[in-house]
Structure formats: C-alpha cells, structure tokens
Amino acid sequence: MWIFLRRRLLTSAISLVGVIIVVFFLARLTGSPANLYLPESATQEQIDEFNRLNGLDQPLLVQFWNFLVGAVRLDFGDSIWQRRPALDVALAAMPPTLTLAGIALGLSLVIAIIAGSIAAVYRFRFPDRAISVTTLTISSIPDFWFALVGILVFAVQLRLLPTSGYSTASAWILPTATVMLAPIGVLTQVVRGAMIDALGAGYVQNARARGFGTARLVARHALRNASLPIVSVAGDRAAGMVNGSIIVGSVFAFPGIGTVILGAVLNRDFAVIQASVFVVGVGVILVNIAVDAIYALIDPRVRVGAGKGK
Amino acid sequence: MAIDSKGARAVLLPDATVSRTGARLTLHRLLHSPSALISSGWLTLLVLVAVILPPLVETAANRQDLSLRLLPPFSLDNGPMFILGADGLGRPELLQLIVGTRTSLLVAASAVAIAAVIGFAIGLISGYFGGWVDEVLMRIADIMHTIPSLLLALAVLYVLQPSIANLIIVLAITRIPVYLRVARAQALELRERVFVESSRAVGAGDWRILRTDLAPMVLPTIRTVAMLEVASVLLAAAGLSFLGIGLQRPDVDWGMMVADGRPYLATAWWVTVFPGLVIVLTALAANLLSNWLRAAEDPSQAARFIRRPRMRKAAR
Amino acid sequence: MTALLKVDDLRVEFLTDTGSPARAVRGVDFEVGEGRTLAILGESGSGKSVTSKAILGLVDFPGIVSGSIRFEGRELVGARESELRGVRGTGIGMVFQDSLDSLNPVYTVGAQLIEALRVRMGLGHSAARARALELMAEVGIVDPERRIDNYPHQFSGGMRQRICIALAVALKPRLLIADEPTTALDVTVQAGILRLLRRLQDETGMAMIFVTHDLAVAGQIASDVIVMYEGEVVERGVIEEVFERPSHAYTRGLLAAHPGAVTDWRDLRPVAGDPMLSREEAIADGF
C-alpha cells in the first residue's frame, strides 16, 4: 500500500509542478503581463516601472526561475485589488467552498447510492427507467439557470428563502442544490453501472445461491466492490465542484473561491487568478491522494498486490 | 478428455435465424423507442433551424425597440415573432433564440469534434507506442485534470479575447483528455491482441497497423463518448457565455441570453426562463439519445429492449 | 418413495427483441433420489448449466422458466423469491466452476463462512467462527486458524474451491449442485476435490447433481447420468450401462471422441462427423 501511495505522491508532485508551469505561462501567453496586471488606463511609464519592479525586463528563463522561487515560498505576488498577498485572498475563500463542496458531494453520494442501487436491482424495469430519466434530466439543467430559476421561484415568488447572506441554514439550500446538479446524475449512473456489474458477478450469484436476501446482497456483497468506481468518479467530481463553485459565486455571491476567481477576472487581478489556480490544483491533488488511500482501504487486493503490479 | 472445451458457442441462438442485424436492428429499436425518436426529432429540427433561419431573421432579431422592452410572452399583438416576448432592449426573444441556436450548436459540435479527433489520434499513438512519449502525454492529461475545466477556461479566455473561435478552442482543449484516456486505454489493450501480432508477422508497419487494425476498433467507443460529451459541452459553453467571458455581442448564444435576462429576473421571468428551457431540452435530447444509442449498440443491454410479458408464468 | 428432486418438462427460454426466443432448455425431465448422484453430461451450450441455475431459481429476466421442479414435494417454478430463498443454501446448495469469481474478493474467507452460518443457520458469532474453523479443516485446509483471516486471492485454485465447498456444505443442504467444480483445476487437484465431495456425501447423506463435460469425472463420481444436447436429454440411465451401451448417436459420438477410449489418433472421431445425429442443427452449428 505504501509503495502504491508513494508512486501516487510522485505523480502528484509532477502534476503540481505542471500546474505551476501552467500558471506561469498563463501570465506570459499574451506577451507582457503588464497588460494583465495593470489597469487598461496605465501609461507607458507605469508599464515600464511595473516591468522593472517585477523583473519583466529580464530574460524569460530568469523570470521563470524567479517565479519558481516565489512559488516555492508560496509567494504569488500581491493582489492589486485587495492590497494583500494573493495567496491569502485565495486561501481565505477556501473554508466556505470546502464546506459547500463537502456537503454537496456527501449528499449527492448518499442519494446516488440509494437511487443507483434501486435502479440496478430493478434493471430495465419501471424504477430503473424512472430514475434514469430523472437523472438524465437533472444532468441536462444548466447550473446557472437552475440557480436563477431557484431564486425566482423560492426567493422572489414564494419568499421561502433569502436572496443574500449566509448566516442562516436556509441560505445554503439553493447554493448546495446548484452545486449538486452536476455530480448527482453522473454519480447515480456510475453507481447503477457498478452495481449491475457487481450484482452479476459470480460471488453475488453465489451468495444468492446461499439464500441471502436482496438487501443483504446489495448492501454487503455488491456495494463494497461497486464502490471502487464510485469513489474514483466521486474524486473526479470533487475537482468539478470548483466549476459549480464559480457559478454559485456568480449567482449567489457565495463567499467562496468562485467569487474570488470571478472578482479577480473582472478586476484584472492576475496574481489572485494564479494563486487560485495553485490552491485549487493542490486541493485536487490532495483529493486524488485521498481517493487512492480509500481504494486501498476498500480492496485488499490493492493493499497486497501493490508491490508487484503497479 | 473434454467433449468440447471451445467455450461459449452461439448457444442461445434462436431456432429462426436472427432476423435483424446491425444498422437495421438499431433502426428497428429506434422506431420502437418514443424517447429516442422524439430526441432525434428535436435535434434534427434544431439543426435545420440553425442552418436555414438565422440569415433570414438576423436583422429583425437584433432590432432594438425600446417601446417593446420586456414585452410579455404569449401574445400575437406585435406579430408572431414576439410570441415569446421581448428582452430588456426590446429584441424579439424567439428570433434571438433562433440566432443563438446557430452559435450554441456550432460551438458544441465543433468543440466536441475537435477534441474527439485530437484526443483519438494522440491517445491511439500514445497507447500503441508507449514509452516516454506516452508517459509525458499522460502527465499532461493529469495536469489538465488537476485544474477544473471552468477555471482553466476562465483563465485562458481571460488572456485571449472572447470570440466564437476562442470559445471553441478553449472547450476543445479542456475536453481532449476525455478522449485521450479512452483511446489510449483501448490501444494499450489491443496492441497485445493476436490480429495485431499477425499483421506484424506479415510485415505491416506501425502506422499501417495503427490505421487499419487499431483505429477502426477504437472508433466506435470514441463515437459513443463524443455523443455523451455533446450535452456537457453544450452546458459548459452556455456557462462560459453566461459568465460573460465566452462571447461578445453581436454574437449571441443561449447562455448569454440567460445572462441578459438576469437583471429582470423579478419582473420579466421569460427573458431568463425561455433560453434556459431550450438548453435543458437540447441537452436532455442529446443525453437521452446517446444513452439510448449506447444501450442499442451494447449486446449486454439487449434486455432493455425486450418487452416484459405481463404473465410471469407462461405455462402452469 | 418420492424422489428428492423431480424435474418435469423443464423449459428455459431467453427472450430477445430480434426474433424468436432462444430456447436453452427444451423440455427436460429427470429425478434425483435421496443420497444419489446424478451427472449431467454435455458440452458447453447444451443447457446443463442453465438447468442447474433454474433449479435454484437463479434464472433472471429475460430468461423465462416453465415446467415443473419439485424439491421435497415443493414446486419451485413460479415460487416467490422469499420461498426460493428458504430453499437456497439450506435445501439445495451450489458450487460453481470459477472459485475465484465465486468468493467475494473484499472479505476474508472466514467472514464469508461466518456470515453464512450466522444469517442462514442462526449461529452466534463465536459459535459460527468455531464451526467455520471446523468446516475449513473438514474440507482439507491446513492450519485453519491462520488461514481463516486470509482473502480469497491468497489461496490457490484448489484450496479456493475447497472453501467454496465448505461454504455450500456449511448450510447442510439435502442436495448439492456442483457446476463443473473441477474444470478449472489441474488433474491431481481435481482428484482431491472429487474425493472430498464423495467423502462429504458419505458423511452427510446428501444427494448431488454433478454438472460436467468430462466423461471421466462423471464416471468417477456419479451413479446415474443424463446426457444433454441442444437443450434436450438424449440419453439417461445408470452410468455404467450408458457408458457400455449408449443408445443415442450423440452419446456414442461422445464416447468415441473420448481420448481414453482410443488407442490410435485415427480412432478419434469428431462428434459432428457422425451422420446419424438426429438434429440437423447439430451439423449446421458445427463443433
């Protein structure tokens, strides 16, 4: 298992370096980052001054080295808009985002496991068809539109939910539902598929031949085997939660990383964009490592076989 | 010692030889599946609309008439083109939707096609040759996977300028890894198979094997994945233009129309609701159709198409 | 005295949406008496495995089972799932061909044995564990105390099959269906498994249905035999008699194709080559 994780950490480190390189070149893509960092009204003198101050008059490789040194020290420069380190801005937005993503992913998983298992047991019959059409419909709704219609119906028309502020629990309902929209359909389909495979496997048929009931077959014999693909897709979707977070930031002004990123885009605050990409990248890598660890916990073959195979 | 150890033969073949095969079977199933029929009907209609109508209605669609600002829908007083009401600048909602259809379909279809072709080619080569090229490509795919697609698109579009071409490029780039992984995994497995060995034995070169042996085997999977991707790319494109970084006027797509309606959400719901509904219907049609197609082409899902007899016990 | 299991005109069809249903089993009847062993002989695709699955009610839609299967006088065809559940395991046990696929990879073999004993036999945890150790020793696992916490993939194929047999006999079934239990194993390991099954049968008095394509294996273990071909029974009787005086062309073909019966390779005859085959499809399908 440790060999397995060590390999994972190594590839993660490579991914992290890659993310940092991407961040660097994002800024240099259009030539001078001065255009990105400074407001459009900046004079030529201001631009020259900016270039000199930030070492942009030096060769690209030197710039890259300086950038790497800064990145290693977790220094992405200051936010022009908020006048404090860009990394602090990005990090400050993480707790609400992580809370929202955690709740949404957890709820999605619970619903997906129940609905997907029911669909698998009643494969091709009415419950399966109904669940399949429902999840396909849910996956077809644009999250931003769902959020707006949610506000329209529940906040404007019915006045059940507040339109702003995050002090009360009810204010979290619409953002959570919005973020759940993308993962829940995929997860349900994945649970269904994995569950059908597991239920058809020899060991479940064998357990059935021993006279176990459907509930036991599903919950004890099939679920643990089916959970490998479920966990890996859930890990995938954890990264995708940031997409939902950006939309939620836009529609609900939710105080998370999405709002920070959008604000940075609108205010031409490029240091914050870089820091955000970095923070999110690290978060995704951590999730991937966690997924592998969960894999090893679930399946003894991964634990034991790690030495030879992978 | 064994009577027959050849394993599974066509054991369960019915007495009458199988009557329908391949494309005819798919067509037969399509005609018996209402959801797939309606879905393909809706998508065909949209494509026709996108191809034929926009040049005819473009001027009328962009004509602003402040006296018709936020005109409510379902009234023919101002002509049929105002049946879905008017937006905040008095433009007819229906015609805007028609022009937006062209952009939305063009962006989704092009992005899917570009991503599929590039991902297919790179994945095939990467999986077949392996080695350090494969290693590097997979690491790049990993890195792209590490950055959420919307964030990547935001950052790139921030640096580039919003335009239909850039939107397509950004969406295509974020989707390439999907195809790359699928094609690579299959190529990796197929290259060990006997028919590849035998091609090699008769002296076929690598590129020939790639073209004639591997590509045709991997293509159906790529096609299935591409069908699945249409809906999600459509939604992603709409999301980017909703955020105001995908497109700029005078270009318009459905996502942008939803964003346009946002300031009037409390007073004129239709400006927000209609374009969103069109997105939902289109994505749903694409999802239903690809889901159905996948099932129709998968022998293990044949049971899906069998009608269950009412009486479980036919005899006794 | 009525038979333990009586199968009458059993038919299994698999519905398709592309034409007529595929008939896997076409009107099969046979009986198994208390303590007897019936071998169902046939090549793959003859319907023998589907028949054994049907007895336990394990054929799911789009498979449709009709006819009659009476176990201890109780009709199983069309019985409710809850009724079938009562028969499965405790009434009729089953051992499958692929032992790796038959055991749940994510639980230890002990956990799987203990679960069966607790849920189906109502034992408490410590009693179930003690009984599991006993069973493992009984089927010939060396050092059960140490092996009980191992996972299936840590056992060899033969040992895994022994665990599967332990799982089946743990519930003290009156009838054990063994579906090609030795096919995936080496000849020497095979012999051990056959001896084990015979010993267990002597000890418990259970009846057995042994599904196989292997004439030699059938000859070693069974008292009676039916030969299935294309979903039908083409030959039946006491095993020695059938092997000595096969009445049906297909059985004769089988015996002729059996390498043990020939001294020269020229004597080996492909089964489909026999012009006396009763069914045209047999030739059309080819061997």
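Note that the chains are named A, B and C in the order they appear, and that numbering of residues resets to 1 at the start of each chain.
Note that in this section contacts are C-beta pairs under 8 Å (C-beta built on N, C-alpha and C of every residue); 3 or more make two chains touch, one makes a residue touch a chain.
As the structure is a computational prediction, the values presented were derived from the model and not from experiment.
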{"item": "Intersection of the contact lists for subunit A and subunit C", "value": "B"}
{"item": "Distance-maximising chain from subunit A - centres being C-alpha averages", "value": "C"}
{"item": "Inter-chain centre distance, subunit B versus subunit C - centres from mean C-alpha coordinates, in Å", "value": "48"}
{"item": "Centroid spacing, where centroids are CA-atom means, of subunit A and subunit B in whole angstrom", "value": "22"}
{"item": "Multi-partner residues of subunit A (at least 2 other chains)", "value": "124"}
{"item": "Two or more partner chains touched - positions in subunit B", "value": "303, 306, 308"}
{"item": "Residue numbers of subunit C (touch at least two other chains)", "value": "61"}
{"item": "Residue numbers on subunit A that touch subunit C, as the complex places them", "value": "124, 201-214, 216, 220-221, 224-225, 298-301, 304-305"}
{"item": "Touching residues on subunit A, where the partner in the complex is subunit B", "value": "11, 14-16, 18-19, 22, 26, 29-30, 36, 123-125, 132-133, 136-137, 139-145, 148-149, 151-152, 156, 236, 239-243, 246-247, 250, 261-262, 265, 273, 276-277, 280-281, 284-285, 288"}
{"item": "Partner subunit A, residues of subunit C touching it in the complex", "value": "56, 58, 61, 81, 85-90, 93-94, 96, 98, 101-107, 115-116, 119-120, 151, 153-154, 164, 167-168, 171"}
{"item": "Subunit B - residues contacting subunit A, complex", "value": "35, 139-140, 142-143, 145-152, 154-156, 158-160, 231-232, 235, 238-239, 242-243, 245, 255, 258-259, 261-262, 265-266, 269, 272-273, 276, 279-281, 283-284, 286-288, 291, 303-304, 306, 308"}
{"item": "Complex contact set, residues of subunit C against subunit B", "value": "11, 14-24, 41-45, 61-62, 64, 66-68, 77-78, 213-216, 254, 257-260, 271, 285, 287"}
